[in-house]
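Two complexes are shown next, each including chain A; its partner changes from chain B in the first to chain C in the second.
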Partner chain A sequence: MSPIVGSPVARIDGRAKVTGAATYTADTQVSGALYGYLVLSTIANGRITGITTQDAERSPGVVGIFTHQNMPRLAVPTSQLAAYWKRVIPLQNADIHHSGQPVAYVVAQTLEQAQHAASLVNVTYDARTPQTSLSGAMDEAYVPDPGLEGPNEVTRGDTEAGLAQADVRIDVSYTTPMHHHNALEPSATTAVWDGDRLTVHETAQGINATRLSLSEALDVPLANIRVLSPFLGGGFGAKGPVWPHTMFTAALARHLRHPVKLVLSRAQAYTSNGHRPEAHQRFRLGAKRDGTLTAIDHITTSQVSRTEDLLFNTSEPTRMLYACPNVHVAQRAVKLHLPAPSNMRSPEVVAAHGLETALDELSYELDMDPIKLRLRNYTSVNPDNGAAFGSKHLQECYRRGADAFGWSKRDPRPRSMRDGDTLIGLGMASAAHTAGGRPGAGARVVISANGKAVVQVATHDIGTGTYTVMSQVAADSLGLDLDDVDFELGDTDYPFAFVSAASATAPGVSAAVNRACTTARRSVIDIAVADPRSPLHGIPADQITVEAGILYDTDRPKLRDTIRAVVTRHGEPVEATTNPVPIPPGYTTGAVFAEVRVDPRLGQVRVTRMHGIFDAGRVLNRRTLRSQAIGGAVWAVGFTLSEHTMVDHHLGRIVNPNLSGYLVPVNADIPEIHIGFVDKPDPANREAFGARGFGETPMTGMTAAIGNAVYHATGRRIRDLPITLDKIIGDGEAG
Partner chain B sequence: MADSDALSTGERSRRNVLKAGAAVAVSGGVAPLALAHPAVAAESALPPPASTAEVTLRVNGVRRNVTVESRVTLLDALRERLGVTGPKKGCDRGECGACTVLVEGQRVKSCMTLAVMEDNRDITTVEGLARGDELHPVQAAFIQRDAFQCGFCTSGQIMSAVACIKEGHTGSHAEIRDWMSGNLCRCGCYPNIVEAVRDAAKGGKL
Partner chain C sequence: MKLFDYARTSRVSDAVGLVAGHPGGAFIGGGTELTNLMKDGVLAPDLVVDVGALALADIGVRKGQLLIGATARMGDVAEHPVVRERFPVISEALLASASPQVRNRATIGGNLMQRTRCWYYRDVGSACNKREPGSGCPAIGGQNRWHAIHGGSDHCIAVHPSDLAVSLTALDATVLTLGPDGRRSIPIGDFYRLPGSTPDQETALRHGELITAVEIPESGPAAGSRYLKLRDRATFEFAVVSVAAALIQAGGVVTDVRLAFGGIATRPWRSAGAEEALRGHPLTQATIAAAGRALVDGAQPREHNAFKVELVQRALADILEDFGGRK
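Entry: the complex of A and B
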C-alpha cells in the first residue's frame, strides 16, 4: 500500500554529492566577502590585561581586529529554542574561562591575510591556575538544577533495601574521556546584510535555533533573518546548539557593512562547539541468584564549564532499559576551566556503556549467559513511569542477533577462544536510546499544474537521508511518483522544524510531510469530484484512490483522471500547510554483538566482526538507515578503542586538537558490519508511517559489546576508556 | 598506506612543500598586494609585501590563470580563487583527505601543496570526473553502495578511489581498506566505501 516508503531508494542528493555540486556552507560564493579568523586564548583561567593589535592592523589586507574592547555588544540569547546553551558570550569582557576562548576576531581581504594577522595579535594575561582535572576535583561535584532533559537525580523504590536483598552485588566504576565530534566539515558562517535584512549561510543542525539566537543576540526582528543550510557536512551535535562565532560573524558583517565569512580551523573546533565531557560513573548492582535485578545505583560525575552547568550525558538506560524496582540515578557536575560540553552523538552512550559493561560483569559473577541475564530483566513497559512503549521488539533482536552472530558457539570462559596465538573475544550488549518527545515540524506542499509537487520544511539533511526519505513519504502521501516530488529543506523561510538531533528528524518531519501531503491529496480529490469536466465528477471522495499521479474510482479503476489535469483545470496550484506535529516519546532498542582479536604480545585490539539488530519501528529506507547503523558502530569503535581528547592540566589546554592526535577510526580499523532491522511499525508514530527515531541508538551498546569482547578475549576488564594497548598489556602480560 | 603515498608522490613531501614556499617568498620581484583598506594603506611603516605569482592551473582540462600569494595552498586557490569547491577543507594539514585531487593523475592532498608548485600541471577534481550526464564508474558505485552520508568527505574519497584503482590496490577488501585509509569518513561509511571501490574496480574500464 506504500510502495515507495520502505523502498531502499538511492539518495536523491547522491548525484550532487558525488559530482561536487552539493553546496556546503563554506562553498557558497558570496561576492566580495571578507574573511574572518579567530584568535583564541592561550590561558585557561584569568583575565586579559592587554592586547596589542598594531602589528596585526598594519598587516596587508587587514580590515579590522576586534577584541573585547571594540567588538559590537551582543545579548545572550535565552529562549530555549534558541539553543544557545552558554550563559556568556566571549569578546564582551576581559574574563577567560577556558583555554581556546576567542580573544580577537580578525577580518581581512583574504583568508591567508586574516590567518597571518591573527598570528600578530599579542595578548597579555593575568593568568591564574586552571583546574581541568575531573579526578582532581571529584570532591567538588554537585547535582545541578534540572536541565534540558529534566531532573538530574531520580529515585525509584529503595536502592539500599534492594542491595540488601541481593544475593550478588557488584560495585564498579568506569571512566570515559572527553570526546570531540570532529564532523569533517568545520563549523562555518557567512553573513550577508542587505539593509536591515540578514542572510546567514550556516553549518547548522538547527537553522531555526540559529535564526532565533541571532535575533536575540543582535536585536533584529526574526522576520528579517534568513538562515540557509542546504547541505551539512556532518554535525553529530556540534552544530545543534548555536555558538558565539556565528553571532560575531553576523555582528561584524553589520558593523563593517560587508559580507564576512568565517570557517573554524580544525584546532579551533576543539574549543568552539562543544564536546562530550569526561565522565566518571559508579554502578552498584544487586541481583538475585537467578539474575533478577534488585537494585541499581548509578552516579555519574561529568565535567561542566565554569560558566554553565547543563549536562548532556543522561542516565535513561539505567532508568528505562530493565525492569528493576529499586533505581537511583544522580548526574553530578564538576566545574572545570574547560569549554562547555554539549550534545554529542548518542548522549546516552556514556550511561549505556557503564550499564551494559556492569551487566556483563554481573553475568560473570552469576555464571549466567549475558543474553539470558538481560531477558530475565526484560520489560515491556517503561519502568520509569509505567507507560507502555509504542512498540518494543528487543527480544526478537536478541534472538536474531545471537543467531546471525553465532553466539551459541561462544565459550564464555575468558581467554578460552584462540586462533593460534591470537586471543578471540565475543561480546554483546543491548542498544537503547530515547527517541522522540520533541517539538517536531510543520510542512508545506504546493502541487502545480505540471502535476509536480514541491514540499518544504525548514529541516536539515545531516547525512541521515532527509532529502530522500521525505521525498518518499511525500510521494506516497500525495500519490505521486518519486520523480514528481521535490523536497526542499535548509531554509528558514520554510515551515518550522526542530533541530536535527536527538533522533527527531525522521519521525517528526515524516509526520508533518504526511499530514500536509495527505491534506493536499484530499484537496485534489475534492476538486476533481466537484468538477463537471472530470471523469470522476460526482463520485464520493472517499472512493477515490490516487497513485502515481492518477486518480481513479477504487471500484471502477477505468474511471480516472490525473493530478496534472485536475490542477490544470483548477487554474491555480493546490497547497497545504501544517503546523508543527509534536513527536511522541519513543525508545529505540537493539541487540549488538562484537568479535575482537587481540595480539597478546602487543595488546593490539582489532574488531573483526560487528552485528546489530535493531527495532527502529518501520524502516522508511533500508539503504540510508543501514548506513546510519553502520556509522553508529564505527563511532562505537572510536569511543571504545581510540578517541580521547587529552588535556595538559598544567596549562589547562587540549594537546591533541587535530586528526592525527585525536584518533577517529580509519577505513582499515573497520570490519564488515552486519545490520538487521525488525521493521515493524510503531503504532505511536502512525502518522510517521510507524517510523521511530533511530540515529542515536546504534552507537549505544556496541561500545560495551567491544569492551566485553576484550574481557572475554583477555580476561582483563578495562574500565577506563579508551582501551589502548598499554592498558591491555599493563601490569603484566595479556597472553 | 595511502596517506604517506599521496604525500610522498614525486617531490611533494611536506618538507618540500615548506621549502618551496620559503624559496618563493624570498625571491621578491613581484608586485605588492593591493591594499584596499584606506586605514591600512595610509600607514607608512608597512611590513615587506607578501610575494605573489601568476600561475596556470589546468583544472579539469581548462586552463585557469590565477594570481596568488606564494603561501596559498592549491586547495585554497581552487576553493577561494577559482570557485572549484568540490575539494573540501576538513583539517588543512593533510590528515583527513577531504581535499584530495589528482595532480598529473596521482592523488594529492591539495591542502599540503602550494598553488605555485603546481603551475602548468593537470589538476583533476571531483567536478572533472563525469562525462556530461554520465557519471564516472566510481561516482556511480558510491551512489549505488550508499558510500557516504553527509557527503563532505566524498569528493576526496572518490578521487582517492579513482587513484587507488589505477594504482592496482584493490586486490582484496583488506587491501582497499589500507589504501583508502588516508581519507577519513566521520559518518562511518567505510564498509560501503570498500564495496563501492571494489565494484568500480571490478567494472574494468575506468
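Entry: the complex of A and C
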C-alpha cells in the first residue's frame, strides 16, 4: 500500500474555504432569482382563523404571499430513502402543531423586501393551550411502533431476575434538555426550473434524499431533478433529512416560473430543522460485588411532536457496550406541541451519557475503579445478537488513555483533590457509537489521456474532509499522485451515495471509490499488457504494479510504462463505475478522560484537560479524523455545561433561538484536547482500507466523563444537564 | 428589515438636529446592537444617524475627572493606560464584555444605550411591555432565569445588560449629553430608570439627545476598584451576576466603599445597604455576610432565578475577600 492513505494530508479545499472561493449553497447566484422568506406561527396549538396579506402584498417588490389557502398542493414523501420524517406538510391546511411552524411564504424581488413584507402579514388564530413540558406529561408516555432503527422495546434475559441476583443495585434518573445543531451555515435552497426539469442548490447532507423527496412531493420524475451541494458549512444532522421549506421553494419556483431562493434565519432554524429532544432516562443497574453486571433496565422518555413519533435518542449503548445477560430497554415518546425531533450528531449520546454516568455511580457503590468496572464487563462480541464485531480494541484504548491522562494519580474519593480553594475532578467514560450499516455508495472514475483521473460520487463534504480523504483513497487505488486525482461530489448526476450521516460516509464511499478505482487500474493494466506498443506487452497483468502514474513489472521495475501513455495510445478515456454495496454494521469505541476545576463557592466549572483514545479501524487521514474527534469533544463540553434550548411552557415557544441565548462553547471554554488512535484496520471493512465510521463516536462518553469529573471534584452528582453554576451551588438533584 | 434613511455628519449639533427632527430617528455608533434589533424587527427607525465621524472619541483625565468620549471604542478604553491604572473596574468590566471583535467596533455611548437581553423583548412573536407597552410581560411567569430580583415591577423584570454601566455606577460617573435643548450632566444614578409602569422609557434621555461623554471622578477607591463577572460560559456572554467594587480601608476599617451589581436588577444596581454594612467596620466574615444580607434585602426572586439571591452574595464575598477580608 502506498503511503497516501493514512497520511495527514491537509484539506485540499482548505485554501478555497479560507479565501472565500468555495461556493456554498447560499452563495450560489442564479440570475433573476426571487427571494423567499417564511412567516412562522406565534402560537403552538390551534388553527389559523384568518390571514391578512393586503399590506404585505402592497409592500415594494412583493411577488406573492403564499398561505395554506393558495400554496401549491404537495404530497407527503413516504419512501424511507426520501428521509422526510414528518407525516404532514405545513401550508396545506390551517392546523398549527407547534410554534414556529410556517404559516406563510413571502416571495419578493430582494431578501430585504421579502423580510419586510413578512413582518406585515397578519395572522389570527384560534389558539388552544399548548403542552410543551416533558416532565409535565410523563404519564402520557408510550412506546411507539418500530421506527427507523427497529423496535422501541427490546428485552434480553430477565431483568427483574437479574436485579434480584445483584449484590448492589442503583436506580437513578437523568434528564437532558432540547439541543439544536446550530451549523454555522444556515439551511438554504435555490430552485431553478428549465421546462419540466428542476435543478436545486441545497444545503444537503443527502442530495439523493432531497431529490427523492422532491420527486414524491411535487410529482416530478426522479430523472428530471438534479440536486447540487458542493460544500456544506456543517450539518450535524440538521441537513440530513428533508424539510418542508425545500419543497415549498421548489413548488413556488414552478408556480411562479422563476428561480426562488430561500435562506433560513438563525431563529427559523430552531423550528425548521429538527433537534435533539429533551429526554428523561431511568436506569436500574444490578451488579455482583466483583462488578459483574447482572441487569440493566433502561427506560428513555423523549419528546416527540404532535404529528410524528420517530425516536432518535436510541439505546444502543445499553444493548451493545457491555456484557450483561439481562437487559431491557424501552424508548418512550411523549407528544408535545413542539417541532419534530430529528437526527442530530451522535444520537446515541443521550443513552451513553446516562449509561456511563450510571456506571460511575455504580463504581462508587462498589468502591471499584471505573475502568476496572468496565473491563469486568468487557465484551468482544455484540451482546445484542452474539455476532462478532469486525474488530474492537477498546481494552487498548482504556490502557493508553489512562496512561496518557495520568489516571493512576487520581485519588478516587470525592473532593479529595484541590488546588487552594479550587476543587479538581478527574472522570472517564467509554465512548461508543454504531457506525455504518447503511446502503453505501457507488462511484465512477474516468482516466483521461492526460494521465489524470476524475472520480465522482453523489456524496457530500459536510466539513469532515470527504474531498481530501476520497482523493487519497482514489490516488492510492489508481496508483496516481494525489495531484492527478480530482474527486467530485455533491451532484445527483453522479453515482448514488447514502446520506452523509450515521458515520457512514468514510466506510461507504471509501469502499465505492476503491472498488471503482481498482477496476479502472486493472483496465489500464490490461490495456497496457495487450498493447504491442507498450514496454509491458505480454507480461501477466498480475505482475504489474502501478504507483505514482507509472506501471512497471514488479520483478523487473525497469520495464515500465505510464498511465498517461497507456490511455493516450488507447485513444479513449478509461472508465469504471460501481454500484452501491451496503456497509456492514460497525461499532466504533474509545476511552475518554476529562479533568475539571470547580470553584465551589461561585459554581464555576472549567474543563481543563480532555483525552480521547479511539479505535476507528484504519485511520485514512489522521488530520481530518483528529478534527472530528476535537469537534465531538467540544460539543460534549457544550452538551454537559451550557447548551440548552429553553421553552416557555405557557407560550409553547422557544425563547433562546439564537447564538446569544443558546450557549455553545467558546474558545476559552476548551482546553488542549489530546487525541490518539489505535489505527488497526477493521477486517469487516476491507474494501474501505479497514476504516470504520467514526464521526459520531467522540462526542459520546465525554459528556459523562465531564459529569463524572464534576462529581469527583465536588461530591455532587448533577443528573440534570446542563451543569450550570446554579446547580453547583444548589441541591444538585435532577429536576 | 424596513427601509430606512442613513445620514452621517461630523458636527455633533447636526447629528442631534437630524434625530430630533425625525420622530423615528435613531443614532448609530458601532452598529453592533441597533442593526441586530433592526434585523429582528424589534426596532424600526426610519432614519439612522451615524455618529462615527463625530470628534467624540477622546479619552483622558482633566481636573481630576476621567473623560471618555461617547464614540471611543470599548476596546480602546479597556486598554487605555490611565483607565487600567486608575480606574481598573472600568477596564475589567469592558474586557469582560462581548468579544474582541465587538469591542473593536462598539462605542461607549452605544454600550450604555444597549437594550436588555430579555428574550421576550427580542422576540417580536412574544408580548413585551418594553417593546410594545401594554402587551404584557411573559417573563414574570415564564422563563426568567436571566431576569431581575431587584428593581422589577408588575410590568417588567428585564435586566440591564451593560457591564460598563455597572462599573460606572460604582464610580459615581456622570453622563454628559447634548440635546435639542442644550447640554446636560446626568448623574448615572439618575440616568437609568426603574421600569415601573413605563418600562419602554429606559433612560433619562429625551428624543434626539446624544451622549457625548462620560465623566468619572478620580478617587482612592476607583484606583483599587475591581469587577467580578459570573456567567454560563467563559467569555462572550452576559452576566448571570456581576459585582463592581471600589473600596478603601484605613486603620483597619472600611472608610469608603461603593458597590454596584449587574445581572440582578432592571438597572445597574447600587446597594446603599451593603455599603452601609461595611462603612466604618473592618472587613470580616461577619460584616461581609451582613453586607450580602443587606444587598438582597427586598429581593423578589422568580421561579427560575432564585439562585441569584445566593449567588450574588457569594460573588460579593469573593470580591471583598480580595480586598483583604479573608479571615
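As a convention for this text, the second predicted complex is superposed on the first by the 730 of 735 C-alpha atoms of A that agree within 3 Å, B and C clash if a C-alpha of one lies under 4 Å from a C-alpha of the other, contacts with A are read in each partner's own complex, and residues count from 1 in each chain.
Here is the rule we use: a residue touches a chain if its C-beta (ideal position, glycine included) is under 8 Å from a C-beta of that chain, and two chains touch if they have at least 3 such contacts.
Here the structure is a predicted model, which is why all the values come from computation and not from measurement.
*Asks:* Pick one for A:668: touches chain B only (first), chain C only (second), both, or neither.
*Replies:* Both partners.
*Asks:* Kindly classify A:112 by the partners it touches after superposition: chain B alone (first), chain C alone (second), both, or neither?
*Replies:* Both chain B and chain C are touched by A:112.
*Asks:* May I ask you to decide whether A:63 touches chain B, chain C, both, or neither, giving the answer as first, second, both or neither?
*Replies:* A:63: touches chain B, not chain C.
*Asks:* With the two complexes superposed on chain A, say which partner A:660 touches: chain B (first), chain C (second), both, or neither.
*Replies:* In the superposed model, A:660 contacts both chain B and chain C.
*Asks:* By residue count, which of the two partners contacts chain A more extensively, chain B or chain C?
*Replies:* B
*Asks:* Would you sort A:627 into first (chain B), second (chain C), both or neither based on which partner it touches?
*Replies:* first
*Asks:* Now for A:604: first (chain B), second (chain C), both, or neither, which partner does it touch?
*Replies:* second
*Asks:* Chain A residues touched by both chain B and chain C?
*Replies:* 60, 112, 658, 660, 665-669
*Asks:* Which of the residues in chain C come into contact with chain A in the complex?
*Replies:* 1-3, 40-41, 117, 119-120, 122-126, 138, 141-143, 145, 230, 232-237, 240, 307, 310-311, 314-315, 317-318
*Asks:* Enumerate the contact residues on chain B facing chain A in the complex.
*Replies:* Chain B residues touching chain A: 32-33, 35-37, 39-40, 43, 45-47, 49-50, 69, 71-72, 76, 79-80, 83-93, 95-96, 98, 125-127, 129-130, 135, 139-140, 142-144, 146, 148-155, 158, 173, 176-178, 180-181, 183-194.
*Asks:* What residues on chain A touch chain C, complex-wise?
*Replies:* 40, 42, 60, 99, 112, 115-116, 119, 267, 601-604, 606, 641-642, 646-651, 653, 655-658, 660-661, 663, 665-669, 724-726, 729-730
*Asks:* Would you tell me which residues of chain A are touching chain B in their complex?
*Replies:* These residues of chain A touch chain B: 10-11, 13-24, 26-27, 29, 55, 57-63, 109-113, 181-186, 231-234, 236, 263, 265-266, 462-465, 623-624, 626-628, 630-635, 658-660, 664-673.
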